[in-house]
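You will see chain A twice below: alongside chain B first, and alongside chain C after that.
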Partner chain A sequence: MPSYDVMPNMELYQPVRVEDALDIASRYADRGWLVGGGQDTYGWLKDRAKSADALIDLSAIDELRGVRETAEGIEIGALTTLTEIAESALLKQSYSVLSDAAAVVASPQIRNIGTLGGNVSQDVRCWYYRRGLSCYRAGGNLCYADTPQGMNREHSLFETSRCVAAGASDTAPALVALDATMVLRSVDGERTLSAEEYFVGPAVDIENTTALRDGEILTAVRLPKAWANAEFYFEKVADRNVWDFSLVNVAAAFKVSGGNISESRVVCGAVQATPRRLTAIENAIQGKAKGAVTAQSVAGMASEGARALAHNGFKIPLMENLVKRAISA
Partner chain B sequence: MSTHIGFDFTPPDVPGKVTGEIKYAEDYRREGMVFARLLTSPLPSGRVVGIDASEALRMDGVLGIFTADDLPPVAPPGNPALASEYVTYVGQPILAVAAISEEIAESAIEKIRIDFERRPFVVDPIESLSPGGANAYPEGNVLVRTEEEGPEGAPIRGAEIRDVKWPRSAIDALKSGKEPVGGEFTTEWAFGDVDAGFAEAAAIVEEPFVTIGYPHHSLESRTCMAYWENGKCFFHGSSQSQSANDNGLARMLNIDPADLVFINEATGGGFGSKIGPYPFMAISGNFAKVLNRPLQLRITREQEFYIGSARSGMQGWIKMGVKADGKVSAVDLVIVNDGGMTGGGSHNSSAQHVTVAYQPENMRFRGITVYTNTTPRGAQRGPGQNEMAAVLAPIADKAAKAIGMDRVAFRRVNAIDSDGFQGGSQAPVTSAFVREALDQGMRTFGWNEKQALAKQNGSKVRGLGVGIGFHGAGGRGYDGLVRIGTDGKLYIHSGVGNLGTYSYAGTCRAAAEALQMPWDRCEILRGRTDNNLPHSSGQGGSNTIFTHTRTNWVAAQDAITKLKEIAAQDLGGNANDYEIGDERVFASADPSKGLSYAQAAARAIELGGKYSGQEYPDDINPITQRSVQALAGSGLIGVAKDNIPGQGTPPGILVGFCEIELDKDTGKVEILDYTAVADCGTVVHPKNFDNAMRGGAVWGFGMAGLERHVYDPQNGLPANTGIYQSKPPTYLDVNVNTKMGAVNIPDPQNPTGGRGIGEPTQGAAAAAYASAISDALDGHLFNTAPTTTDMIINHLAGNDYSTKSLKTNTF
Partner chain C sequence: MNLNLTRRRFIKGVIASGAAATTTGVWVAANGASRPAGAVERMIRININGQVRTVDVAPQETLASTLRYKLGLTGTKLGCNRGECGACTVLVDDVSTYACSVLTHSVKNGRVETVEGLEAADGTLHPVQQAFVEELSPQCGYCTPGQIMAAVGLLRENPSPTREEARMGLSGNICRCGSYDSYLDGVMRAAQIG
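So, the complex of A and B:
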């Protein structure tokens, strides 16, 4: 393949105010590229697999950083680094599922520069797509991975629609488990979406992984008080302990009363393009004792509806085992 | 008493590496330097029908393109710097574009249009051997040796690419773990009576195995920068070796080696992929000449995967017979190597590993290397031996279990010693003390004690493993060159490369040791041809410690002889009446009568002739001759070829012990303990030994458990063109506390006692890790290297896993 690694010519904007960033994003629309930590940006651009007319570097906008307590819970600026989230006393105390997830993203170096906004808005992992092949997601009319010989070990088990690429974020399932709210701003104002609404699969929009519209910027993530201090579980299984994407991850939040689960949100990542909320399991465990017995009785439900490709069948038992561990812990 | 050998010191380039001040090839700039980039093939196999670079050449700042037409032709299966008519793998360089900046050169690449004609391709050797299977080259898929009768009956030996196909029955047999009867091979050997050996076996194990083609991914992707001045080419290149590049690179540039200054002060890893001059070097030097400008050609990380080469994968079958007393009575081994597009199969080295690790009484080996339309294959840390160690260890465990023998005891029964042999010719070794290593390792690791520990801990199961790594570790016949200056310092000229192992410095300690020089009075000259370097071996094959402690030793001995002769001439008596010490040569009978080294060097210059390099031994290499000529008259010259008598391969052998916990829910493996003991003679530089042991172990764990090499069989595209996709282990993937030791018994054929150990460090760790996984899973054999997370989960879930049909390059 032709191979490149220097940045192509493009305009660079480095605004210091959100309003200026929104103006620029609005002006360039789909030809502008928002960059925070840049960990899912420079590969695309340097490889020439995607292009843009302007790079809008948000990293100098201080108001997009930090973890703040609010009346409704906690608000996290989208540019807050993953290391800051992993080490935040506030989050570790009340929303540890998110700090635990952030702590195992990629590598220490990447976590030091990668942001929450970037981690949840990153594109799917499919090596064919990222090589710049003209697949469905890239505007073409075929999928290279969903074939009997496709090398699809890391791909999706569920919700495939032409594209079988899986989502890669470790923090996204945690945000869904926490019923987080995503704050999106544009020159027209602010709107909010639940985390579940923010992430979109290929059946809804095959070329985008989020509901973010052209000209919009994800400015913050809000965590509701309703799930503060619940019982949490996060586990990521990847080949390597570091600098690797999840083969499967699980994020779960449980409200437990008298040893019984009164409410829960159980979410798996890397099994489809978006975090997969396991509502059947949530319903099945409601009112039951949190522990190994309940876990064992429902774990098989986790993979109901899964369609294994040639090489990713292992994700089915892995997913079941992780859900079992989440409920058992 | 030793003062240098066996003691720690700081190699002189270490501070520069810590501070970042040391320069790699890419760091050099030259006034007027321009930049070139490569255009590489998008197809695994095809024919270049036309190139249209007109739009690129019209761009401001673009200086020209360079194609295969600008270089001498290379016949298949040679690895051309630039493809001519046929492309045979994705990423094969087709042309280079030069411009005044890298950005312009890359933009120009985007403007070039190439018309291709597609050809069939293949990424799996067994598929190519199958009836009707595609061939990687238009001419065929296997390099076959030929022999014709020439004039006066003398044979003319050659080789040609042929189309080799196996009967379907042989393919099916191999895939199902049986002997591929009827398959054609290009390498075959045997010793003893294999059938008789199996007949007397108390147990026989028979298993298939498959390994992948591990890419090298040197951290420094190769960069070359060249410029020409007064007919001389100054060439900055990333290489493991130094003077071993001189002749080959000069040929690439079509110049006399005397007109080449090769500069290579530091190298960011090579692992076998940068031992000698590689084809890509021809582009930089010749393009710079055409443009008459200094030219830097840097490649991308992805291109380092394409042209940096990979280890050859194996698809094979082994049958091992063991007697009731544990002795391996017979081995029958078949290996199909994946040669990629260059055919760098190492099956014979894999078979050699079997001979060293288990000293079988009878053995037969058959091998064949098949070209595929994948990245070029070449040497990589213990090529053949290490991947064989990884798949063989659990199979050997099964054999031990079959006769009810402890796995370490089984290896001890079969261990090589100084009377042992290696390879199909059953050639001798210089010495070997593997039983001592096993005993020491068992004690340090606590093998017996750990057997008694609980196996199950929740979802986790404990596994213990043992493995052996081997590589031939030393050469003979190279030159040493030292100089004592009139300042009394010892200048040690080293033609050894600096691939990051620091053995260039460790070997120089032999000269300091012989001349009894304080290390701070020694200076190493290296890293560029015009530092006047001797003929040295390529920096690969774990050979440097053995090979170049010897060359530096013999050069120092020559200097000592000359010191004594000069003293005798000036002070009376004969040379034998003198000895050295405290930077002096002095009379044994009256130590006050003598010359300082500085005085002796001044006298050497006055005396001339052999003393200061105007004359030199006839048997030294022309490279060394040129260096001595350049140094002549600058001090007392010690120069000699290593003619130390002896025979046999100096073996580098390592035994590793591994304790793991395998989580049955997740397939994840955690290394709890790793202990390794080397049989590498005297440890020359303890700190460096320790580094090599740990680094090799980490990579070994990657070989057995993590690293991946994936090609899509539909379109020939590689999936792992970057480091993170290939998944070598990081320091957070391995246990920090490891125990490394050595039996430290001197090799009798090296005056300093040392042998190399670099490569087996990986093989032993890979073998011990694989052995431990099998142990954790009650003896289950995956017969793959690597055994990845998904395979373990699938096994535990009762699913099939992808390597059972021996398909390679897909995991």
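So, the complex of A and C:
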């Protein structure tokens, strides 16, 4: 299959107001491609694995950038770069699970230009899909990864439905752990979804990883005050420390009073297409002391229901150990 | 006759005449009514190494393509062309950026710096370049322009980094010769030279 240096010819729009961007997005619908930092865009287009009639570059819209304090917590513009999030004093102080997650995405240059909105909305990782093969997710009727010869070491343990590709965003599990609200705008107005609702798996929609519809733009992410200054844990395990996508990551938030966990949200990434919230673990540790003893007693529950493919069985103990560390820390 | 030089001149000539022909075509289109409203104009002015250059840029063109094939600034190397190696690193408003993975139109209002812009007018090398020479940092040299630009970007933000900070700062640049420690020696020396 040929690979190309340049992208095919297409239109480019660089609106400076959200309203204009929404107009253009609505006009082009499924033939328009929203670009934040473009780090998950240009590869698709260069490889001719996906195409668009127009790129809608959102990076010139100032109102979509920045981290702001609001009455309800913090609002982050979707076009805020990962470097800005990793270095934000506000986030480091009160929502460090997100700044820690942003700090380990890809490489410094990619974090300098990659955006929060783009990072959470990126497509799943699967070489067969990304190479342009006509798999289920690409509209075909076959999965190349879940076969005896398929290379599926990076793929999903849970919630597979025809497609077994895993999502690999580092910030997405952090947003679910923080019970974030996603703000979606279109020419028809604004709607909000919880981070959990924003991410969709293949059983619901096999061609999209988010609830974002054609013509809609993710404009902001809101972090609720309820989880500010909780005890946080984030860890990413990848084959190498730079560039690589997570094999498994864990993002967790604990409210602790008197040494006991009163409430928690524990989320693993890269084990299915969407961030996986471990509600069984959250229920089991409620009221228990935060520490190694509790962690040891529940870690096995982390992987309940996992269905390993031929080459990704290692993710099961990896996931259990990451959850154990999160609760022990 | 130097065959290499001739070949190089020939290629440059082809690129130049191709660009001129395209420019004419676009000028007509830009004045016609067929363009969709709001789409970008191809003729842009962009600040590269302190000089404002006028150049015809396709909507989907990456900064690396513009630098190398429109402006002849071939110091910026293309390794992977997918944001996975760092050879094309340039600075946009002092921030290190992969030129292969950013559209020229997205950075046209910024200040772009490439390795060609570091040397002073009198030929004095930039402290990072000088330090890389003294520490024998490069081996084959292909990744060096990217390593230099990443180091310059790092030192602008953090003029006296620890070795660990320098390691993080250069972590987005692959060296297939494995000359990483020598590059770090270079960055630490450059921080001393200032």
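FYI, the second predicted complex is superposed on the first by the 329 of 329 C-alpha atoms of A that agree within 3 Å, B and C clash if a C-alpha of one lies under 4 Å from a C-alpha of the other, contacts with A are read in each partner's own complex, and residues count from 1 in each chain.
The rule is short, and it goes like this: a residue touches a chain if its C-beta (ideal position, glycine included) is under 8 Å from a C-beta of that chain, and two chains touch if they have at least 3 such contacts.
Quick caveat, the model's predicted, so the values are computed rather than measured.
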Taking the superposition on A as described, I'd like to know which of chain B and chain C A:N141 touches: first, second, both or neither. neither
Quick one: is A:V6 in contact with chain B, with chain C, with both, or with neither? Answer first, second, both or neither.
both
*State whether A:R48 touches chain B only (first), chain C only (second), both chains, or neither.*
first
Task = Based on the superposed arrangement, let me know which partner A:F314 touches: chain B (first), chain C (second), both, or neither?
result = first
**Prompt:** In the superposed arrangement, does A:D57 touch chain B (first), chain C (second), both or neither?
**Reply:** second
So, A:I113: does it touch chain B (first), chain C (second), both, or neither?
second
*Touched partner set for A:G150, first chain B, second chain C, both or neither*: first
### Task
Check the residue A:W243 against both partner chains and state whether it touches chain B (first), chain C (second), both, or neither.
both
Quiz item: When the two structures are overlaid on chain A, which partner does A:W127 contact: first (chain B), second (chain C), both, or neither?
Solution: first
Overlap of chain B and chain C contacts on chain A, residues 5-9, 107, 241-243
Within the complex, chain B is touched by chain A residues 1-9, 48, 107, 127-128, 131, 144, 147, 149-151, 153, 235, 237, 239-244, 247, 310-314, 316-318, 321-322, 324-325
Given the complex, residues on chain B that touch chain A span 38-42, 90-91, 102-103, 106-107, 109-110, 299-303, 306, 459, 665-668, 706, 708, 710-715, 717, 719, 721, 724-725, 727, 729-730, 732-733, 788-791, 793-794, 796-797, 799, 801-802, 810-811
Chain A contacts chain C in the complex at 5-15, 20, 24, 35, 38-39, 42-43, 45-46, 54-55, 57, 59-60, 83, 106-110, 112-113, 241-243
Residue set of chain C touching chain A in the complex reads 36, 38-40, 58-62, 65, 78, 81-84, 86, 89, 95-98, 100-103, 105-106, 150, 168-169, 171-172
